[in-house]
Structures are given as C-alpha cells and as structure tokens.
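Naming follows writing order (A, B, C and D), and every chain is counted from residue 1.
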Amino acid sequence: MSIATSSQMVEMTFLKALNDAISFSMRNDSRVIVLGEDIAGGAGQGAPLEGSMGGTFGVTKGLLEEFGNARVRDTPISEAGITAATVGAAMGGLRPILDLMWASFAPNCFDQILNQAAKLRFMSGGQAKLPLVIRMAVGGGLRAAAQHSDTLYPLFTHIPGLKVVVPATPEEARGLLIASINDDNPVIFLEHMALYRTTGLVQLEPIAMELGKLGIMRQGSDLTIACVGQAALLGMDAAELLAKEGIDAQVISLRTLQPIDNEGLVACVKETSRLVVVEEGPPRCSISADIAASINESLFGRLLAPIGRVNSAATPVPFSPPLEDAHLPSVARIVEACHRVMTF
Amino acid sequence: MSIATSSQMVEMTFLKALNDAISFSMRNDSRVIVLGEDIAGGAGQGAPLEGSMGGTFGVTKGLLEEFGNARVRDTPISEAGITAATVGAAMGGLRPILDLMWASFAPNCFDQILNQAAKLRFMSGGQAKLPLVIRMAVGGGLRAAAQHSDTLYPLFTHIPGLKVVVPATPEEARGLLIASINDDNPVIFLEHMALYRTTGLVQLEPIAMELGKLGIMRQGSDLTIACVGQAALLGMDAAELLAKEGIDAQVISLRTLQPIDNEGLVACVKETSRLVVVEEGPPRCSISADIAASINESLFGRLLAPIGRVNSAATPVPFSPPLEDAHLPSVARIVEACHRVMTF
Amino acid sequence: MMISLQTLEHSFREMLRIRLFEERVRREFGKGDMPGFVHVYVGAEAIAVGVCSQLEQTDMITSTHRGHGHCLAKGVEIAPMVAELYGREAGLCHGRGGSMHIADFSKGVLGANAIVGGGIGIAVGAALAAQTLKDGRVAVTFFGDGAANQGVLHESMNLASIWKLPVVFVCENNGWAESTPASYSISVSDVAIRAAGYSIPGVVVDATDYSAMHVAAEQAILRARMGNGPSFIEAKFPRQVGHFVGDGEAYRSRDDRKSARQLDVIARTRLELESRGVDVGAIVDELGKLIGGELDSAFAAARDSKWPNIDELESYVYSN
Amino acid sequence: MMISLQTLEHSFREMLRIRLFEERVRREFGKGDMPGFVHVYVGAEAIAVGVCSQLEQTDMITSTHRGHGHCLAKGVEIAPMVAELYGREAGLCHGRGGSMHIADFSKGVLGANAIVGGGIGIAVGAALAAQTLKDGRVAVTFFGDGAANQGVLHESMNLASIWKLPVVFVCENNGWAESTPASYSISVSDVAIRAAGYSIPGVVVDATDYSAMHVAAEQAILRARMGNGPSFIEAKFPRQVGHFVGDGEAYRSRDDRKSARQLDVIARTRLELESRGVDVGAIVDELGKLIGGELDSAFAAARDSKWPNIDELESYVYSN
C-alpha cells in the first residue's frame, strides 16, 4: 500500500463516505453518538455482532464494533421519543446523530423538530446549544410508494432554527456530514436513496466542507441548472445532452438549503441570465419556488427568460413504475425546461 | 324584530360566523361531528353544561347544548390520536371537524395530516373519501411566544391532497367553513387569532363560498396587495395610507391557498403590473415565494417592479412585545414594500 | 380451548389460502418484475383468520406493511390484489398503492399502512363512526410488536377506552421489528400488560394455536359488538421469515430461525385436524390445486394487464 | 412518613417562597402590563420542592407551561425570572421566551415548554447524556395529567426503561387540563398504573402531604443516581386556581373549587410544623418581608428595565 498524501483522491461510494464521516467524527470526539432504528441492527445491546445490518441502508455498518453499544444505539420505533431524546441529549452535553430512516417518518416527530430542536435556542435566549444531526433518506424511484418517498426539503427549510443539507456526491456527503456534526445547530441531513450506491472521488483525508456554499459541478455559460441533492445527477445528464445540441449548461449542487448560498447563486445566474431549478418534490411552496422568488428579485429585468422549474407532480408518490417515473423529475423534463428557457 | 330577506346583511364577529357555519352544517347533516381539546369544555361527557367554554377561543360554544355529547366531543390531549381518529371517522362515514386549538400543535399530528389524511385517497386509488376539516388558530400578536404563534401556511400548502383555507373576514369565515365542511377532502382551516373578535357584515343566510376563488377586498389600479388571511386587514390599512399619498392599491384576500386562484391573481396583477404579497410567517419556501415564483412566470417581462414580499422575520416568534412587533408583518412594512414597488 | 371441527377446518382452509398466496408471492418476487418490496404474512395466518373470519364484511380493519393476510382473510379477491402488487390499473388501488398500501374499502379493508402504527388510530376513528352512526359495525386494528412502541398506540387506547369504542387492538408480536428484537425494544414482557394502563382487557395468545386465537378474537369482537368497549389481544409467534422478501436475516442466529420455523400454525393445525379425524392431505391437495390455479391466472393476468395511464397521474389526489 | 424537622422547615420556606412569588405574579398580572398569559404553580409547591430540594444544581429538569415553581425550587433567581415575564433584555431568556419558555441552563432548568408533553422526552435525552458521559447527573421531567395522554410519554417511558436511564417522571395531577377533568380524559384511575406497562416503579403520592412527596422523590432520585433506572411519581392534588391567571373556571362547580382550596399543602405543612413546635408565624412574617422586598424590587426593576433591542431580533436563532 502506497503512502497517501492529503491531495490524493480515492474512489468511494456515497454510503461509505457517510460512514467515514461518522466514524471519523466519533473517533475525534467522544461526545458524538449515533442512535436510530436498526442502526446497529440486530446486534442490539450485547447480542452477537456478526450480521448486524448497520441501518436499513448500511450507513452505520461497523460502528457498533468500533464504538460499542453505549455510543451506537438501536432504538425502538418511537420517532417522537427518540427525537426528543436526541434534543435532550444535545442539551445535556452530547453531540448526537439520529437516523430516522426515511424522511416520510419525520412527520411522526415534527413537534420535536419544529417546536423543540428549531426553537429552543431562540426561546431560551441563546442558552440552549443543540449540536445534533438528524439524518434521513429521501426520495423516490424505489417503488416504495407514497409513505416512503417524500423529500420534504421545503418543510425543513421553512423552519428558522434548522440547517438543511442535501449532498449530491460522495465528496459532498462526507464533507458536509462532518461539518454538520461539527455544527452547534440542529442539522437536517437528507440523503437521497438513489445516491447510496453511487461512487465518486473524494480526498483521502476526511475534511469538513463549509455549510452554506453551493458547488459548481459543471461550468457552462448558456444557462444555469441549480439542483437540490440527487437532482444534480439528473442535471449533469441533462447538461451532457444539451452539450450535444451546443447548449452549454452550468450545473450547480446547492449543497445546503439553509443557509442557502444566495450570493453564489446570484453570481452564477448573472453570468448565464437563465436559470432552471430542479427539485424532487411537489411544486407548491418549494425550494424551486423559493429560489425563483429570490432570483427574480435579485436579478429583476436581467433574466432572459422566466425561471424554469422542474419538480415532482403535485401528487403523493405513486407506486406503479410508469406513474412514479412520470411523477419524478427526469433528465427529459430538465432538457425540456432548458429548451423552454433557451428559446423564450 | 323585522323579518329579514336573504339579501339582508347582518353584523357578526368572526367567532360567531365560525360558530354559525358549524351549527348550520350540523343541523343539515347528522354525520357532521366536532371534536377537540376543550371544545365542549368542562362539560365533558355528561357533566353540567353551564359554563362550558366551547373551545379555547369560544368558537364551539353552545354546540354541546344543541347537539349533545355524541356529536360534540372533548378529547384528551392526544393530537396524534385524535387526528388519526378523525381520519378514520371520515373513512367510516362521518364528516368530522377537528379543532386542534393552535397550529403550533399540528406538528404533533403531522404524520396523520401528511401521511394519512393527505395521501390515503391517492394511495387507495380513489377508494378513500376523507370529508374532514381540521381547524386551528394561527398567528402571533398575543405575546404567546414561539410555541403558540406559528402560521405554517406553506407547510400545509406544500402537501398534495390537502386543501388549505385562510379566511380574513366574518363572511369569508362562515362561507368558507361551510364549503370546507361540504368538501369531500381533508381541509386545513386556519383562523388567525387576531380575527376572532373582529366584526363584519355577512349575509343573513349561511351559504357556502366556493373554495379556490380569491376575494377582492378593495379595488385599485396602481398595485396589487395579495394577502394571506388576517394579513388582509393590514393590507387594507396600508391601502388607506397609500390612498392618502395618491397610490391606489388593490387588496386581495387569497381565501384559499390550495387550491389557489392563480387565474384570478394573474388577472388582477395584469391590470396593476405591480404586486406585493403579505404573509405572516417566515420567508423561506413560503406562500409569498410560491406566488412570486408563479406570477413571475406568468407575467414575465410584464411586471413594472420586482414582486414585494412582506413576511415575518426568519426567526421563531419572540415573546417580548417590541420584538414580536418587529417580527410580524406590519402596516408600516407593507407601505414600505409598496413604496419600493411603486418607485422601482 | 376447543372450537368446532367445522370452524377449525374452515379456518385451516383460510390459513392455507394465505400461506399459498404468500409462498407464491415470495417465489414470484424472486423473478424480479414485482416492483418495490413486499413483506409476507407467513406464520401469522391464525391472527388474520382468527379475527376476520368472525367479522362481517361491513366491519372495518386497518392493516400494516404486512397486509396481504388481512386482506385475504377479510374476503378480498386474489386477482385485483396481485394486480396491485404489480402496480397495474386493474389493481385494487389502480396501482397507486402497491403491497404496502393495499386496500379494499368494499370489504372493509381501510388499507395497509406503511407507517408503523399508522393504522391504529384510524381504526379507532372508524369505531367512532360506527358508534356515532349506531350501525353495529366494529373495527379491528392489526399492528406489530414494533408498532407497540409508537405513542399513537397509547393515545388510541386511551381514546378508545374513555369513549368505549367498538374496536379491537391486535398486536401481532413476531418477536422482531426489522432487525430489532422485541426483547430489546419493549420494556415489558408482554405488550398486553400495557392494556391495563387504559382499563382495557388484555390477553396474550399463542398465535400458533389457532383455537386459542379464535376464541380470544371471538370474545373481543363480541365485547365490541355489545357496546362494551375495546379489547387488546397480543398474538405471539416467532417470525419464520425475513422482515421483507429478500432479507437474509444475517442479524439472527441460525438456531433462532430454525426453531421459529418449527412453530408453525399451519403444521400445528394440520396435526390437530388429523387427530380429530380430518383427511387434511385431501384438503391440501384440493386447495393447492384450486388456489394454485387461481394464483396462476392472477399472476399471469397481472403481468399481462395494463399499466395505469400516465395521463391519469393526477387522479385520485382530490375527490370532487 | 416523617422527615426531619429541619428538612420540613426548610422545604416549607421554599414552598412559601414559591407561593409568595405566584401570588404576586397573579396580582401584578392584573395590572395589565405583563405580556401574554401566565399559569401559576399555586397548590403544587410540594412537588417542585420535594423533588428539586434533593437535586444538585447540575441535575437537569424539564418543565411545563406552569414552570415558575420548578425554576424557583431549582434555585433560579427571582429578578431575572420576573424580567423574563415582562419580556425584558435582563430576563433569563433575554425576553425571547416569557413565562411559558422560561429557562436557566446554569441551574439545570432546561426550559419550561409550552407544548403539553414537550419536556418529557427532552429529560430522557438529558438522562441519556448523563449516562453516556457517566457524570452522575440525573434528570427529572414534570408534566401534568393532561400530558399523561400524550404519546411521547409512552415512548419516553419505554426508552428510559430499556436503557435504564437516570430519569424521574413526575406527573403533577391537579385533576384538570384546562377545562377537561382528568376523570374524563384519562382511562385509568391513576396515571401511575401506566408505569407498570414499562416495568417502571410507579407510585401515587398525595401532593398536599409534603413529607410523602419528599420521600417519594428521595427514593426515585436515589434509584436514578444509583444507575437503577427510571421511576414514576404521580403527585395528586386538586387544582386550586384557574388554568391560567384570569380563568374564571365557569366550567367548574363552586363546590369543587372551594374544596380544592381547602386541601392546601402550605396550610397543611404549617399545621404539621406547628404541631412539631415550630413558630411558623415568625417564619411567615420573616419570609413575607424578605421575599416581599425581593419581589418589590424585582417587579420594579423589571418594569423599568430595557426592552430587547429590535436590531437583535435575529440573534439566538443559530449559534455560531
């Protein structure tokens, strides 16, 4: 094995990047703990370790072995109780990471997120410090149907007091998760299901990636495609197709929705004067609406076309594959929106 | 007492208008029931009636006496359980009206709202019929602080499958509540606390007011002020002040946020070419953002100024009066926004 | 507890029907063209049948992510069920729901629910409707040991108790919630103990003993029907299969898995029937053919049948 | 149960201090310049004092909308409390929280909580922190009979039990939740019965009997401190006052209100002290003057003190 320098890059899955971020943080700070349903997985508290699943998606695999069952805790199916406990644990001096499995289960603990985690610091006049991360898997495409496919991006982003993070690549996943764990605020960390098995290059050494700065995934001068999380992969594919037609699209991964990098976004769109926002999730009061509103305000009269918005359909997520495919944003729909924006 | 004709108008409080709508609907249809914490109030099931409070705000006062305790039920403090029961009752053949007291408690039953009420019809391929109304008080100004002052307008509006209603006047309150009760879908009915004691003219006979049509509260040709619920009262006051400066503002009460009267709104703004949206609640992924996005799209290049947005500050609602006043939308901030839009 | 031979035989057929359905689902799922994921009811058959065979069609049930057994026991037809598993227009939910949201309101099945604990309060509401409309219906909610730790169960039991609602709480305790053992996650030896906290009669039943299950259900349903309020049944049995089809259960010891399979209600009921003189082999053959044939055509038809029309994506969001 | 005279006298002083504070709050509220609404702790004093007088400053509590008593018993200073009630910058929360969200982390008060049941799970989490950090702290959560029907209580008790967390659940059962009687809304005679559903020892205590309350708290805190897990105390007493200051309680019979006032822990403890030879009159006079003076200046100072700067509206949303 060769000796690596910190500038070296290695190939890694999104899943492994998340796992790395957590174990790195747990090694560095004994106050970091993880809890959630099945996150140890079968190994429970003291049962044999072999075969423990490490969460429904395997993100926390191996942590139990390294850090033991005081710091890696399977929980009962009690989303409200475990989220409240996460809030209390943070106020009591830990830096907990809660795994909620699917974002569709977050409504079960919405009081704890909206009324407690998000508000306690403010209500206590700055006394409460809430260094906690709530991870959850979002999104459709798995034919998991309406109660396992929500993204809920705007619901979290609407609530002052939360930070909201949406990585698109393994590098973002690892860097942003480390930063989220280091952050003293409640961070909602949303992992799109379709990303877990994707791979990408990451730096050899885990380092934090600043929250609140977008990432430019592809340079381009004709229009900007701003994407929420996994949608960036669709955006990249769309850009490839557009390139073949001679349209040079810039692709942005927003990385964090709160704080949102308005400045960065304005700077990008100033160059291209055309914007398409891509977001999985229904259109009303959405991230795409939010960005359209703010960019229209910042760049009033300077856009060459109305802002394109590609969202999911305004329906719950259907089970049936052709319906789900039609419901979700797709490369084809992004290309179409870009055409509309280019030819306006 | 003179004999009234149906075109006669009577003065009525917002509170009484709501009460009327409910008792009217209960008289007409024995499947309509009401339930919630303290909505009978002390009278419980069988205890003496005198002094029963009829809900924290008195909206359901007198219903117990007329309809009895099988149709007017005090509930335990169990928001999740009673909302789930409301959903089940609707599927079982009733037309329940649930009183959640404050919208800030809705996060306690967000699963039942988002995953159950909103999705069950779709998931069952149209089998489930969910004729239910969930009423709640929203908004600040009472120094009730962060956990009793949320509006949550965009959270509900984001979720496909719900209807969202925001009356601004007694007439709207009565007409829209009757329509909501008549509707076969889950309706979130949001009553701003500051409105309960306001009065206004209503038609003598209770009649439904169509969901999905905005109301023009004041004609005006210079700019449009589109308001969510109680904000319309602020909008009206702002319009009066603007009129003194010679600015002729149109004031709109949106009435319903889902369905939203896009067509009506576009028609109005086409006339004035200038729009300010007023909404109590934080700005991100909000109703104002939603409207700004859609109007910018519909009227791209035809607006004379960027759309003005007046929202609450991006903070939880503070307790301290001067802070709360600064946090909330105000007539002064609306006027300011209108000036910006007029002088752009 | 003894139940009549006729009842036992009838119920055995019903249980076997579910078993045959689920075994076929597992096999067909392996072919890779069934969308999403499925959870089968293998091993729990006595619960659905013990309860639903004593319900009227108009009685209402709410189900879980593991809902096929409840549907079949409540009289839902096989062909539209299978079509739903494949996401087809001919499915019970026109393909919108799939396995985890399968529903048939015409049979009183108010839906499987993919939110753990999601159906519990809905059944309480259905019972409220029945009580208010005075139409004599009862409601039953099925939920797992994992769901027993959801707060909504507590709220729902309290509500059902203070209002004396005609509802039966049936906890299907298979010892596991995904990879988490009930012995770890539940703070008490029997979930049924919790019923006492709500003045609700609670019993623990061995769900591998069909007769015991049947009798417990009978009493609870009768109590509800008579207007005497809710009951709680904890039906215990060891999970014989993976959490979902495809789950290798690496987190579980081989011994535990093996011993679970040895406590099978179908096998046990078969022995009982035989000891009471029934030629079970004949029943198994007959049903195997009958249901086998029905399943053959249901799966073939489902695979052949139309997808939902994507122009109708926005249907069923609202009723008008 | 007998506790030492010294302890009883000390606790009487503490209870009286709360009573004097709350009576003053009621009076001052009537002047109309205290923003929002307040809920006073009158009648419940034995609970906060019985528990908090036996806690360390580093131990953590979570409180309710009726939180003044918990704060005072846990050692929070009067002046910044009063300033908070008036929404001033000098308040404990710099005016951001008010009565319903009053908090003093330096004294282990993790906050009053205006969401009924909101504090319960937070205390469980605080106990998890204590257990994980092995620092010997314990956590206590206070909540009402109304909160006893919130699902999060059930989830929290289960969690605390399976993890053997150092937490004490204290249900302040004053018989009412706003206008709803506990006898109507709670399906069981004693909330403490529910603790058995979580293998948690539960006791019912007469909260008008200070000594009984003290001893129950002692045992529960000790159990937590020793690492033996959670306990549940249901402290019963009749609500003497309206739900909030200004609530005329029209929904409640005059007799019921009157009899509630006759079961007062301060009066009762006074009698007990007197029977044990203490000159309570002297204590009352002394404290009346002492606390009276402190309250005079606290209220005067609060009214005179600065409002928060509106330029700092956006402070404290995030820490950085």
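Throughout what follows, a residue touches a chain if its C-beta (ideal position, glycine included) is under 8 Å from a C-beta of that chain, and two chains touch if they have at least 3 such contacts.
Quantities reported herein were computed from a predicted structural model and do not represent experimental measurements.
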Tell me, please, which chain's centre (mean of its C-alpha atoms) is farthest from the centre of chain B?
-> C
Distance between the centres, which are taken as Cα means, of chain D and chain C, whole angstrom | 45
Distance between chain centroids, defined by C-alpha means - chain A, chain C (Å) | 36
Which integer distance in Å separates the CA centroid of chain A from that of chain D?
-> 40
So chain C residues touching two or more other chains come to 93-97, 101, 113, 115, 118, 149-152, 154-155, 158, 162, 184-186, 317
Mark out which residues of chain A touch at least two other chains, giving numbers and ranges.
-> 75-76, 78, 80-81, 104-105, 108, 111, 115, 122-123, 145-147, 160-161, 314-316, 318-319
Among line, ring, star, complete and other, the chain contact graph is complete
Can you check the complex and tell me which residues of chain C touch chain B?
-> 60, 62, 91-97, 101, 103-106, 110-111, 113, 115, 118, 120-133, 135, 137, 139, 151-152, 154-156, 158-159, 162-163, 315-320
For the complex, which residues does chain C have touching chain A?
-> 35-37, 87-88, 93-98, 100-101, 113-118, 146-147, 149-151, 177-181, 184-186, 249-253, 307-308, 310, 313-314, 317
Sort out for me which residues of chain D touch chain C in the complex.
-> 149-155, 157-158, 161-162, 184-188, 193-194, 196-200
Per the touch rule above, chain A residues touching chain C in the complex are 37-38, 41-45, 47-48, 50-53, 56, 74-81, 104-105, 108, 142-148, 313-316, 318-323, 326-327
Please name which positions on chain A make contact with chain B in the complex.
-> 104-105, 107-108, 110-111, 113-115, 118-119, 122-123, 145-147, 150, 153-155, 157-161, 258, 260, 281-282, 284-290, 292-294, 296-297, 300, 303, 305-307, 309, 314-316, 318-319, 344
